[in-house]
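A quick write-up on the structure given underneath.
Order of writing sets the labels: A, B and C. Residues in every chain begin at 1.
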Amino acid sequence: MNKKRLLSVLLSAAMVAGTMAVAVPAYADDTEEITWMFWDDLEATEDLVSKGYKDVIDRFNTEYEGKYHVTPITTNLEEYDGKLNALIAAGQTPDVYICNPGPNMDVYVNAGAAADLTDILENQEKDWYATFTDGIFDRLTYDGKIMAVPTNFAAACVYYNTELFEKAGVEVPTTYDELIDVCKKLQDAGITPISCSAGTAWCLSMIAGYLCDRSGVDLQAIADHTANWTDDNCIAAGEKLKELSQYFQETAAGDSNDQATANFYNGDAAMLVQGSWAIAQINGNNSDFQSKCGVFQFPGIDGANDPNRMIVKTDNLLMSSTTEHQDAAIALMKMFTDEEAQKYTAEVAGKFPIIKDLDIDYDKAPAQLKYVQDIMDKATGTFGFYNESLASVEAGDCFDNAMVDIFLGNQTPEEAFQTVQDFYEENVWE
Amino acid sequence: MQTKKSKKPVKPVTVILYLFLIILAVIYVAPLLWMLSVSLKDNAGVMAAPFALPEVFHWENYQQAWTMGKLGTALVNSVLVCGVTLLVSLFFGAMAAFAIARMRWKLSEAAHTFFLIGMMVPVHCILIPLFVRFAGLGLTNSRVGLMIPYITFSLPMTIFLLTGFFKSMPGELFEAAAIDGCGIYGCFFRIALPLCRTGFFVSGLMTFVGNWNELLLAMVFISDPVKKTLPVTLTYFVGPYATNYVQMFAAIIIAIAPTVIVYCLFSNQIVEGLTTGAVKG
Amino acid sequence: MDKILRNKKAIFIFIAPALIMFVLVLVIPMVQMVYYSLCDYAALTPPKFSGLANYKKLFFKDATFKIALKNSIFFMIFSAITQQVIGLGLAVMLTNIKKGRNLFKNIYYLPSVLSSAALGLLWAFMFNPKIGINNLLAQFGIKGPLWLMDSKGFIVLPMWVIAFVALWQYVGQNMMLYMAQITGISRDIYEASYIDGASKTQSFRYITLPLIKPMMVTSLSLNCIGSLKFFDLVYNMTQGGPNHRTEVLATELYAEGFNYFKYGYASAISVVLLVMCLIVTLLVKKVIKVETYEG
């Protein structure tokens, strides 16, 4: 029985491979081995932020050689939470792991998978704590306990093509009415005013989030149920979204985020509303574009809310509540937030540092970073992406979907916000 | 029958039939050619005109995909995991299917339905219980730990298909063998297995392709980069904010090439062998 | 012969390896799944028993589940009919031609081998509002619809699109199954029928059809189970959107479990899915009666 012999050979080969796999890699006895989980592969990535993280990991392993060693566990973004959940459920929580702010982080904090860092930051590592930008921990604090350390933040702005603006003879708008006017003139000049993806719901939702905030929607009041999703300011924001969406590219309904961004850097549309991570993507794909890509803050609405509030988002590191190598984990988190790493974040990756008094060389950095920084300096307040600021991930999706329905014309703003209201009545307020 | 007709002039029906088959074939081959064309462009070009032919052929995409995606290691892992899975699941599956299809016992029908249930379970829902169990046994982050669920998930399909093939085998064959002094094991190894080549091919193909493309289990079970399989490394090209399409497609082409080649080689041999009259009723 | 076939020890030896693996890897987690479906369970915290609460919410309150159920049933019926008819048709055509049979067969099977992620992307480009098909239609002055974003009608357009793409991708498998069975039919039978004056249609009706009946049960069952559990193309083409209108059972349970961390609820959907699969397979077995050859 030739087949059988082949089978048994293969099987035993597999078994041997398996036993070898279980064996722990041999390091010097006193090296503390930790793991760090992340949502992008560090070797193959083209993402500049991820590349910066890889530098940090390499630096950590060199600097602490013989003392600490970190092994990254990577997945892609889609499978990240699935794998992290499985690891936590099996008691193999990675020592340090990355997480989005808001409801996603709530899940890990509420499940007790994240360590309370308050004591470490406020008492044991005072100097480190003092380096952080004021207020940066606000969204990472639960009942007075700091549960995560940020590594960078991104701000959402409007990017515009200066060449196309000149061609149509328009200026940067500062109010919503001016924005509509600019859109009209661009359209008359045969230029697509705004590139947006409704296929990737959060892109549309970013514009909706700005419109809501500019109209004076108060998420905290909604969370406390002292305000409703069916209030006038929500409906007004919905109407404006509907109005603005007439000026999106024809294919907005089907374009993915990548396509919408490409539309902009290929010069097919005059404006793009995106997070500052897009800077690297735009310049990377079309290096000639840097000189003609300007930035302005999302226009305000006359007689409504403060127009200087910005949507921002941090990337955050959580430490496992069950880690046996706290010192190594803290050392790693420190390295993510040290001057070298933060300088890279700003000068190369196009995101913002989370530490104070950093001397950024704006000549090295992409031109747009300075523009965004100038806007940030004027900012009077920040708020999160709407889909990451609601009661749960599901509530965020519900909001996103309602906005897509307004855009597609399936529902009037009243109907769409009524669905969000119903969701809150059913699942949040009770 | 066919040899007689070949001397006649070509019928219009035949022409229409071939025309139809060729048009259909074009619809089927086009996507592959499209993938090939994307893999030779640059990313901005893909976005600007996805269906245009590449202006410059970026062959370096393949080389970069190979090194960045660590496709060499991944290919070895995939071949090892899927190969062992294929052999073991076919062998175990054939044994069970033979007992269900040909042997006489009260619970055979029940066993058939029981195994069938395995095909109905959505893998997403048993993922976490399974992972926790395997972690307890130290079987996560190992290739064997991946083979075991793959084999098990392949079993229902294999058993289901092979049962059909074993059932359609004429019983006289086994009776004759029994008269010649063949035991039950002899019947299985000398008659059932060799006669079931088509069945092995069909069920092997279907489970192999499924495992070769399986992402979720591989992603969750394996953390060590040197043990990752092809579908996992293909996701390397999907970043958190942007996807590197050109290299991803180059990697996809590299990943499917072996399956397509092996498939074409084997499928021809086996169906050819059968039509020349290997099975006599 | 009969005695050999009733050999208990042999039956045990034949069944045991598959059974043991099956029970350990599939059945135990499956039982856990059924238990979780009765719990408030978020994977990270221990499950809390909550009786039938998940099922009550599923059937009486969850609008998305109703859409998913509707889409899954539509998808199953559509796939079962089209894939069986076209798959069988292709198999018969290919077994009746002389030249290029293997070439055509390999080509038609090709999409089943390709990864759904890549194909999903391809078809997303193809059905983009401007490029792809609509670009082609525009040449003739027709304005194409929003293939993947339209949301009108009982079964929305994107669902039809996905169903046709799935037909394109998987019909090769049914063709392959039928071809395997048809080529297995002894050619002597056909020769004999032609000598008796039977036409090709008659030989198909009276020889091929009855002889491939077992394969019909197999292929149809696989088809129904596969399409009820269908996940890949929906996930890669629309991710259930716009606003859940193309959600199917598998994508909904994925979202509930992996995006919203509601494993208990996702388990309840899985149980519903499992029961539906069971009912359908039993129905298939009942409707197509097969006489087995007894040796």
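The definition used in the following text is that a contact is a pair of C-beta atoms (placed from the backbone, for glycine too) under 8 Å apart; a residue touches a chain by one contact, two chains touch by 3 or more.
For clarity, every value in this text was computed on a predicted model and none was experimentally measured.
No other pair of chains has as many C-beta pairs in contact as B-C.
Ranking all chains by how far their C-alpha centres lie from the centre of chain C, first place goes to A. The mean-CA centres of chain A and chain B are about 38 angstrom from one another, to the nearest whole unit.
Chain B and chain C have Cα centroids lying 16 Å from one another. In terms of their C-alpha centroids, the spacing between chain A and chain C amounts to 37 Å.
Shown for chain B are the residues in touch with two or more other chains, namely 128, 215, 245. Residue positions 43, 131, 258 of chain C each touch two or more of the other chains. For chain A, residues that reach two or more other chains under the stated contact definition are 82, 85, 89, 259. Interface residues of chain C facing chain B in the complex, by the touch rule stated above, are 1-2, 4-8, 10-11, 13-15, 17-19, 21-22, 24-26, 28-30, 32-33, 43, 93-94, 97-98, 100-119, 121-122, 125, 131-132, 135, 168, 173, 176-177, 179-181, 183-184, 186-191, 194, 214-215, 217-218, 221-222, 225, 228-229, 231, 250, 253-254, 257-258, 263, 266-267, 270, 273-274, 277-278, 281, 292-295.
Contacts from chain B toward chain A in the complex involve residues 43-44, 47-48, 68-70, 80, 83-84, 87-88, 91, 127-128, 131-132, 135-136, 138, 140-145, 147, 189, 215-216, 219-220, 223-225, 227, 233, 235-245, 247. Contact residues on chain A toward chain B in their complex (touch as defined above): 1, 6-7, 10-11, 14-15, 17-18, 21-22, 35, 39-41, 43-47, 49-50, 73, 75-79, 82-83, 85-86, 89-92, 257-259, 261-263, 265-266, 275, 277-278, 281, 285-286. Across the complex, chain C is touched by residues 1-2, 6, 14, 17-18, 21, 24-25, 27-29, 31-32, 34-35, 49-51, 92-93, 95-96, 98-100, 102-105, 111, 113, 115-122, 124-126, 128-130, 133, 148-149, 151-153, 155-157, 159-161, 164, 167-175, 178, 183-185, 187-188, 198-199, 201-202, 205-206, 209, 213, 215, 231, 234, 245, 248-249, 252, 255-256, 259-260, 263-264, 267-268, 271-272, 274-275, 277, 279-281 of chain B. By the touch rule above, chain A contacts chain C in their complex via residues 81-82, 85, 88-89, 107-108, 110-113, 198-199, 201, 250-251, 253-256, 259, 392-394, 397, 401-402, 404-405, 408, 410, 426.
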